[in-house]
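Order of writing sets the labels: A, B, C, D and E. Residues in every chain begin at 1.
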Amino acid sequence: MFIGKVVGTLWSTKKTQNLESLRFLIIHPLNLNKEPLTDIVVAADVLGAGRGEYVMVAYGRAARLAVGDENCSIEAAVTAIIDRIDIDESMTPLQVDALKMMSA
Amino acid sequence: MFIGKVVGTLWSTKKTQNLESLRFLIIHPLNLNKEPLTDIVVAADVLGAGRGEYVMVAYGRAARLAVGDENCSIEAAVTAIIDRIDIDESMTPLQVDALKMMSA
Amino acid sequence: MFIGKVVGTLWSTKKTQNLESLRFLIIHPLNLNKEPLTDIVVAADVLGAGRGEYVMVAYGRAARLAVGDENCSIEAAVTAIIDRIDIDESMTPLQVDALKMMSA
Amino acid sequence: MFIGKVVGTLWSTKKTQNLESLRFLIIHPLNLNKEPLTDIVVAADVLGAGRGEYVMVAYGRAARLAVGDENCSIEAAVTAIIDRIDIDESMTPLQVDALKMMSA
Amino acid sequence: MFIGKVVGTLWSTKKTQNLESLRFLIIHPLNLNKEPLTDIVVAADVLGAGRGEYVMVAYGRAARLAVGDENCSIEAAVTAIIDRIDIDESMTPLQVDALKMMSA
């Protein structure tokens, strides 16, 4: 699984039938560099995650289990809204800063 | 899932039997940098996505469910044609630009 | 799925039993940069793809379905020999060149 | 599977039901460069791995088997706490150093 | 699947029960650049691959089939010890060199 920030929402009217009732979020994966990440991931969400929240995202069958439908055409879903992360102080200050941003 | 732009079509006469009736699109994944992406993905399509359209693509069993045949030899398929994305203004202007390109 | 060029063949006498009758090709994935790719992929082939040909490769269960044996120990296989790709002229000239190489 | 170092813990109260009793660790994958890695992975843990320990992490169904619940929404789990690794002296000194850090 | 060189062995006493009898190798994936690779992969091995040997590695269910236990917590395994690879002379000399290293 990875940690990401919710940065947007995706809207579609023309989609496969097994996606009708799902909400799709645009997720910005967190990394330990200051540089902005260049990739974004689309994930289904049934937990009601809001913009700016940090979430845990899972891929594959785990994602379909998360939305409660093993036969829907998704392979990424929000599985948790993150409250806090505790991190090891032996990491470099930059890394600690990046992760503390989340814990604030 | 990821967001990509339809940039072409792939033609093949010699292929495995379980791919006979499928249409294959060449997809350019969207990222948040200005640099052109160096990778392309081939995805099956049953939604009729056209050149220049932005689509959501899913991998694995989700792709086979999307085309309605769990026993075909694909692992990537278009699952939605994207109407619009709403994005967080707290992202860097560059990132917002990249994503707004799509919402235009 | 991805597009790659067949650049070689792999030979092995000591392998798991469920791979006995399979042929393995070394595939060079196509990208849109001029730089040579640094990665290669090994894929099983039952279509008889030859050196220099461009092929579509699928991963996972799709690969096992392609070779007609769901219980063999492969996760990549050639699923089509590519005849032609049609590409969007709105891409950068460099990108168009890279893809036209294939359509020639 | 990959080798990673446990660098933190993730806390969440709002998560999918099938994750209730699981503990989630933040893992820093090991590589052979001196540069700090830019990616982190979240993995479920039932072995009681502690901060600073090196672990083996598996993805997909292997992860669900590791935590003893094939229907939970995870796709990464700690499968072993590493005691020692023996490495080939033909690698570059830098590479050997990076791996020996672990064996110390 | 990918080609890699066996560069070490991983030892663990505290691991999930379904891994008890397995041997784990540290694999250095081969690429076509002169630069040392920065990533390593851990793979289960039942073929008895030795240090310095080049092997084919498969991911996912293919790996579990390779070790003969679909319910063990692995997602990477050695599926073949490579005897020789034949490569296309149209590749760049650097690429040919990198691959010939293996064929020697």
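Assume a residue touches a chain if its C-beta (ideal position, glycine included) is under 8 Å from a C-beta of that chain, and two chains touch if they have at least 3 such contacts.
Everything numeric here is computed off the predicted structure, so don't read it as measured data.
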{"item": "Same or different contact residues where chain B meets its copy chain A, judged by the half mark", "value": "different"}
{"item": "Angle (degrees, nearest 5) of the CA superposition of chain A onto chain C", "value": "145"}
{"item": "Distance from chain E to chain B - Cα centre to Cα centre, in angstrom", "value": "31"}
{"item": "Chain centre separation in whole Å, for chain E relative to chain D (CA means)", "value": "19"}
{"item": "Sites on chain D at which at least two other chains make contact", "value": "60-61"}
{"item": "Chain-level touch network, classified as line, ring, star, complete or other", "value": "ring"}
{"item": "Cyclic chain order - from chain C, heading first toward chain E", "value": "C, E, D, A, B"}
{"item": "Residue ranges of chain B touching chain C (in the complex, touch as defined)", "value": "6-16, 18-19, 24, 26, 28, 36-43, 51-52, 60-61, 64, 71-76"}
{"item": "Chain B residues touching chain A - in the complex, by the definition given at the top", "value": "1-3, 30-33, 46-47, 56, 58-63, 65-66, 77, 79-88, 90-92, 94-95, 99"}
